[in-house]
Amino acid sequence: MIVALLALHCVVGISAVALHHRLSRWAFAVAAVPAFVTLVSLATRLRAVLDGEPIVEEFSWVPQLGLSFVLRVDAFAALMVLLVSGIGLLVCVYAVGYFSHPKPGTGRLAGLLTLFAGAMLGVVVSDHLLAMFVFWELTTVTSYLLIGNDDWSPEARDAALMAILITGAGGLAMLAGLVIVGQAAGTYQISELATAAPLSGSAVTVGVICILIGAFTKSAQVPFSGWLPGAMVAPTPISAYLHAATMVKAGVFLMARLAPALADIGPWRPLVLGVGAATMVVGGWRALRQHDLKLLLAHGTVSQLGFLTMLVGAGAYDVAQAGAVLLLAHGAFKAALFMVVGIVDHQTGTRDVRRLHGFGRGWTPVMVVGVVAAASMAGLPPLLGFIAKEKALDAATGDEQFMLVAIVAGSILTVAYSGRFVLGLLGRLGEPDADVVSRDAPVPGWGLVAPSVVLTVFTVVAGLAPVIVDRFIRASTTSLYADSHPANVKLWAGFNTALVLSGCIIAAGAVLVWRHATVSAAQDRFHTAIAWVPSNDRAFWGAMSVLARSAKHVTATVQNGSLPLYLMVILAVAALAPLGPAVSELDTWPAIVGDVPVHIPLAAVIAAGAIGAAVVRRRIAAALLLGAVGYAMAGFYVVQGAPDLALTQFAIETLATVLFVLVLRFLPRQFEAGRAAVTVPIRLAVSVAVGVSVFVLALVASAARRDVSQDQISGEMLARSVPDGKGANVVNVILVDFRGLDTMGEITVLVIAALGAVALARATRGSAPVENDHAGFARLPVVVASSRVLFPSIVVLSLYFLFAGHNQPGGGFVGGLTAGAAISLRYVAGGVTSVRESFRFKPWTILGGGMVLSIGTALVPLLSGRSLLEHSSIERDVVVLGTVKATTALPFDVGVYLVVIGLVLMAFEAFGDDVAPDSGSGSVGSAAP
Amino acid sequence: MTSLRISGIVVWLTALWVMLWRSLSVANVVSGVLVAFAVLAFARLPRMRTTERDDAILISPLAMTWLAVFVLYKLVEANAVLAWEIVTPHNRIRTGVIALPLRTESETAMMVVANLITLTPGTVTIESVGSPAVLYVHVLHLHDLERVRTDLLQIEALSVRAFGSRAARRQLQERIEP
Amino acid sequence: MMDGFAAAFLTAGALLTLLAGIGVVRFPDVTSRMHAAAKAPVLGIMLCGIGVAFAVQTVETTIIVALVIVLQLITSPVGSHLLARSIYHQLHPHIDGVDELAAADEDPPETV
Amino acid sequence: MTLLATLLATPVLASSLTSSLMVWPPLVILAVAALLFTYRLLVGPTLPDRIIALDGLLAAVLAGILVGAAISESTVPIIAVLLVALVGFVATGALARYVERRGG
Amino acid sequence: MTSLVPLTFALPLFAAAISIIGGKWRSFQRVVSVVTLTAVTGVSIALLVGADRDGYVVHRSGGWPAPLGVSLVVDRLAGMMLVVSAIVLLAVMVYAIGQGGEEQRRVSFHPVYLVLAAGVSGSFVTADLFNLFVAFEMMLAASYVLITLGGRPDQVRSGMSYVVISLVASTLFITVLALLYASTGTVNMADLGERLESIPAGTRAAFSLALLVVFGIKAGLFPLFFWLPDSYPTAPGPVTAVFAGLLTKVGVYAIFRTQTLMFGTHEWMGTVLVVVAVLTMVVGVLGAIAQDDMKRILAFHIISQIGYMIFGLGLFTLAGLAGAIFYIVHHIVVKTALFLVAGLVDRRAGSSRLSEVGGLVRDAPVIALLFAVPALSLAGLPPFSGFIAKFALIDAGIDASQWWGVAAALAVGLLTLFSMTKIWSGVFWGAPEEEPSSAPEVAGRLGGPFWMVFATGVLAAASIAISVAAGPLYELAERAAADLLSPGGYIDAILGERP
Amino acid sequence: MTILLAFLAALLFACGTWLLMQRRLSRIIIGVGLLGHGANLLLVTAGGPGGLAPLIGADDNFGRYSDPLPQALALTAIVITFGVTAFLLALGFRSWQITRDDAVEDDVEDRFVALLNQEQSAAQEAAESSSDAPDESQSWEGS
């Protein structure tokens, strides 16, 4: 049943939001449906609930995390449901009248309101801390959307932001608190919490503080109360619902639920009482200063929330019972008062007491409602508000001295601002020179007035005959404090201290009302004196601006947008992080300084080339020095017994040089001596750090080999290469067979690089190459004629590498790179035109074809249930030719070969043109210094 | 003098293939021919400016030997000169650029001549203009201009005799003895 | 005996390369350096190759060394030609004697 | 000093040449040549100077590989020399094309 | 079943090849891409089911036994990553097709995207460290191309940074691989896990830190992430989305895999990770607050969210790891969805700058809804998936008494909420304050082309589905975490049972 | 790993690092190249000291083979680096098309944030220097 109700809210809410254009203000009529259904459902089960048989429903969500929805409607929950849905229903009816001239977003409000009501309902029926938190946060979000619904207005947006951030912060703190407490108690279920073993420990203390922070923010307790008056930018029906009757009660509700279990834990009671008292007094004080009736009510609400906090949080059942009555009373009178203010605003266009000068005759019901509800707020008999306050004073007269004082002080202020409200409403605070707007204001329709009348009737009837709520209140109290025996709720509790105090309070309040001008002047003087104390608003927005500033500062510092600096940080970290632990293992200094004499000249060339490349200022010279390093490395590979690597290095060096030339011919000759991003000492330090780190790691890593007993995995590769891999060149067998998967990925990288290079270089002109006449590219007969012989010769060599590679140095890569050199020769001889002529297929086709061939070869064995890349081989005797061996490694390698050729062709497609595609003037000479 | 009329490029590529495999077997020759034809089929050779059938070259083994000996001699001689130049402090360098009007129109022949000139130390071909080509040669030791020119033209004669096409031989003949 | 030949050829080849190196360092201008470097290494590698052929003494090695020598002889002048040409046109080196190309450029011959 | 001592004390890779004396001179000579070329590569001053030097350096490396092949009596490394013999000039040509366009 | 493992990356690769050849016909490319990615999704789901049933699904490429060949393995974690990434890749592909743009203009979009998909899958399934490098390279190479697709000046600028940094990271990776091989003589991860136990502790610690740095660059850890927010937002919309959702998580995955499998769970490493995680969270979220562009705000949040995942890892407890795994799964979906929304906003309003956009809640309510769901989820608000993820981590953190980490996680959660409201308020509320940089494209009631909205909606729905199915999903994450904490099963699955 | 080679690798890494930390893409590419050489040096030496080329049966009459696996890995790494370098050059080329240079400029958005930060600290200093005049627009009173 509970879930169905929640789902109903959800569905109706979403539908209303979705259809809000069509429904407009009638969306509120739709929104009333779930509230009504809820009330009816509650009514049917109320008897059992009040008899102590709660409705319980349980749904597991993430059981491992203890996340589940335990929904439980006991008497206290039923009280809250009554508030939420009852006032919700009335507010919806009221809103239909209120929004007589709906704006485009009005209908959406109804949907959001329904969603909010659903969330609030969820909060009050949750018997599980985490489930309650889920709904709690949903109320935060929906109220954000409700407050900011009039999104054109910056004030609305700001208020919404403030509300969501403050309550959101509280929510997160609360989450931590809930988890801490839940973990300590071993359960998240509220009904089990009270019976669990008493909690203690510093973690629980922290947890309790966190939970209270959450509750305080939601219930607008000092110092988190600033968002609530701000939220008054929302339309009045919304304010009446959210900020008077329901959402702000969530914190109170939570404290009421947890107080039985947690009130004895260290900071709970002092915090609850201190904060509640401060809130009650400060809120009352501020309410007394307002000219805007709605703001007056808002601050009044803050004050009442402080009152409630003290009552429900104190952890004693009699005080809590007073709290339950006050919850009910406050819901009734505050909603009614907001409705009244809304009516005034709706009919006159103002809520400012200085512009109200009394209303005409038709307004009497509104005035009566306003005055009676205000009287209930002030705690005048025989209204429900009076009963609540009496009960509270009575309960506090025991040992709650502090609370008593706070209640008295706060209540005096309450009487005063209630009086101010009444005076304002009746036009007694109107200023003569202000526009008179109220006297001729149109009389509000019954649709607008009726809901507040209903509430006020309840206030009066329940005040006169509290017996109608007595059972409810007592059952609620028992449901919170199982072993308690709450007294009956009575209008006349006898002549006791509380009554005397009440009288004094009313008298003192009346004096303040009577001398309201003097009070205002005194308040003004006081505020001038303490102007240095930041207001809630100022504190909040100040904090926000500090946040924004520090965010900008931090970001501007670390995120400076400069690649050199990023690299500096990365390289420094990469060098220093592993260096520390590595150095500690450097105790075993290796014995061997060098093992092969030829290393010395090679090292000398490499070192000279590297240092030269690092310091030389000409771009192309740096490329040449890198080439020198590459050649020496190739020599080194030969020395180490790695001919395949040497071949690859030599071939790549040739191609890389050609590519460098292709690009560098456009770029400025020298590196500009511009502003250095990283200063020389730092660059030097980082470079040295990287060098040292590599040095140490290299030595330490190879020294560690002694400690590993297993053989290198390549040992088996050497053994199985010929018998199982069908190839004598182990490197090639590794590349196409043992680790053919790497090669598959590698050719893919080449394919992508090729596609990317062309896409980039031709970014602005589509994919079609531009024919150009090579004005600057002299045709050299000697070279052309030579290349007629050399081009096919190099291609033949490349094919040799391809076919011999499985047994001799070579392979698809070396072959492809060699063919790439042949293509480069065409460029040298005749420019890019000649390159485009060099093969009968388009680069795309070669590239894609090669990839299809390789990957297809890899995939085929899967079809017959074997492994990816599992090669098969055949050996046949052919006449004349002798034994012919073939393995499927060959087509794989042919694919590799084609891909490399495709890459080179594509590179020339990309930047082989003599005149850059969109170089504007087209003259390259102009770019040259 | 026997001359063989064959497609020079196919022979060369096949020979290259067989040499790369380092063994003269039927399989290698057959596959070499196949590879050669495949390469010529899939790859397109650079276009020559003239319309001559370049592959129709005539190989004369005897003349080729002469050419080889001559080139090797020049190679060693010029290297010796250069070595002397390098190791002695004395500076005999006198640079110059001379024109070398060839007598054959074949671009292949021109290419061979130009490359042989470059190969011999002390001389480098830096430009080839027109047809029949005029080669411009940078000379390191230009002391006797005409002697250098004669030496270099000797290379042309030798190489055309070694593997010039019929037309090239005719042109050479015509222009040496008009 | 054969090892003696091998060592001799290898040493000679190395010396020729060294010679080129000295020339490249010692010669005063880029054109003469070019002359020094363009050829000496060719012969140097040739000699070293012959040395290897003597040292290893297999048909395979001989064939491949022969191939190296032939290819080196074909390709090396092409690069040198290109480089020399670019030096002449871009660096305008001082020419001691006649410059018939400069003369021809002023009075260009007919081209086909 | 210890570095040099260690290096000198370490035998070369297995050699079947009768006397290592016959093997050492070419390698040392080539090392000196390589360093000379490297010097020119570093100081330039013109781009063709560096290109020439790089070509020379490459030649020295190739000659060194050949000497190594002779020492180890192996044909395998020569294939690398063969590759460079056939394609090495392409890089030189491309660089020359650069000089042609952008000057030395 | 084992034959399915290589299909996760080989299928997209083959499709990429076909797509290159058929590059002239865009609709052909589209069909190939969608069919392939759908197939990969199916395969991934099957693998996840298989992995959850058997623990490990192993495939030996080339038929070679480990460590001779490259072994591929799908365990529960890899299976989860495969499934979620396949879904995201498919959705983004549909979105890209709906958008047109660079997808329409460039021949290379489809093949490159497919390779990206292959690289991502490959990274998840490989059990070989070098092969992981190769898979990374595939993914990265594809990302280089995608991030610069269009060649605009800002793309070139940020592309340079991106490529260079990635290249440096790759070089560092190779370096570490070299050193690891020098120490152990193997590159198989299971094998490494065994052999690294015998090397000196300092050396092993150095390796572990070095790999953390290598993957930390890709994952976006403090202080290695600075390049990321500069790079991602300049890419075409769908590309940014898939980068944001997947690429960093591949780095995170690699950290999870290598640290747990190869280096064990040491307390000092946990501390390092938690400190790094907290700094990453905080600096990332502060960066987001300083921004004025929806895409950049979201990009900074990638960083801050990575911090949460690493925090979970650093706890080295079952709950922490399970929470982190859940977090990864949730975040991939949600972050991708948010960037897809940013693309919709960009298209609808002509800009993604908060000052140049406004009022979309009225003009394009569908986009607003599509933003709200993942945004609330990202902020960790219940009942969305992000709440469960964040809650799981906070729960684990409190359980492990990592108070500062928990406090940071909560504070950063609040700031994330602030960021999301900032976007909401700037984009969906109010009115534009400045002229947008390009013309808005008004497109029907959905606020954008159907397939774009559809794809975004699918991911938003997926985020809700994660939250609805959080129970079983978290159980799965817990089983995956248990596997990570006891890597013996993984090692045995790859190397076989040994005495 | 000998000290000589370890030092050489360290030098390559140091020079590469030096080149990386500045603004010209072509220099960065050179730096990446040096780093790549350093990494390959480490890879190739990771298999232990050199030996015979791992060609089974060709020259296996003496000595031992060098470790083929790091060679294969290095080969893969070299080729990948080559491909990516080609792409990086394309980026440089594109950069030249746009800006006539290959400078890696700072990120515009980041500079914008930095600028805001500067302005804000300047404003703050100005505010502090003009002493603490109370802000009349805000009162202690909420809203």
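Descriptive notes on the structure:
Lettered A, B, C, D, E and F in written order, each chain numbered from 1.
To be clear about the criterion, a contact is a pair of C-beta atoms (placed from the backbone, for glycine too) under 8 Å apart; a residue touches a chain by one contact, two chains touch by 3 or more.
As the structure is a computational prediction, the values presented were derived from the model and not from experiment.
Under the contact definition stated at the top, the chains bordering both chain B and chain E are A. Chain centres computed from CA atoms place A at the largest separation from chain B.
By number of C-beta pairs in contact, A-F leads over the other of A-F and A-C.
Ranked by how close its mean Cα position lies to the mean of all protein Cα atoms, the top chain is E.
Per-chain CA centroids place chain B at a distance of 28 Å from chain D.
Centroids of chain E and chain F (each the mean of its C-alpha atoms) stand 22 Å apart. Chain centres here are Cα averages; for chain C and chain F they lie 39 Å apart.
Per-chain Cα centroids separate chain D from chain E by 48 Å.
Residues of chain B in contact with two or more other chains: 16, 20, 22, 49, 114-115, 125.
Looking at chain E, residues 130, 134, 137, 141, 144-145, 148, 151, 156, 160-161, 164, 168, 175, 179, 182, 187, 230, 290-291 sit in touch with two or more other chains.
Residue positions 1, 3-4, 13, 20, 38, 40, 42, 45-47, 50, 52-53, 55, 58, 69-70, 73, 76, 80, 83-84, 87, 91, 94, 104, 107-110, 113, 116 of chain F each touch two or more of the other chains. Chains touching one another form the pairs A-B, A-C, A-D, A-E, A-F, B-C, C-D, D-F, E-F.
Across the complex, chain B is touched by residues 16, 19, 22-23, 26-28, 31-32, 34-36, 38-40, 42-43, 59-60, 63-64, 66-67, 73-74, 76-78, 80-81, 84-85, 88, 93-102, 104, 109-112 of chain C. Within the complex, the chain D residues that touch chain F are 3, 7, 13-14, 72, 74, 76-77.
Here chain E touches chain F in the complex through residues 130, 133-134, 137, 141, 144-145, 148, 151, 153-154, 156-161, 163-164, 167-168, 170-171, 174-175, 177-179, 181-182, 187, 230, 233, 290-291, 293, 296, going by the rule given at the top. Residues of chain A that touch chain C in their complex: 780, 782-783, 786-787, 789-790, 793, 828.
Chain F meets chain A in the complex at residues 1-24, 26-27, 30-31, 33-34, 37-38, 40-42, 44-58, 65-76, 78-80, 82-87, 89-94, 96-97, 100-104, 106-111, 113-114, 116-118, 120-121, 124, 134-135, 138-143.
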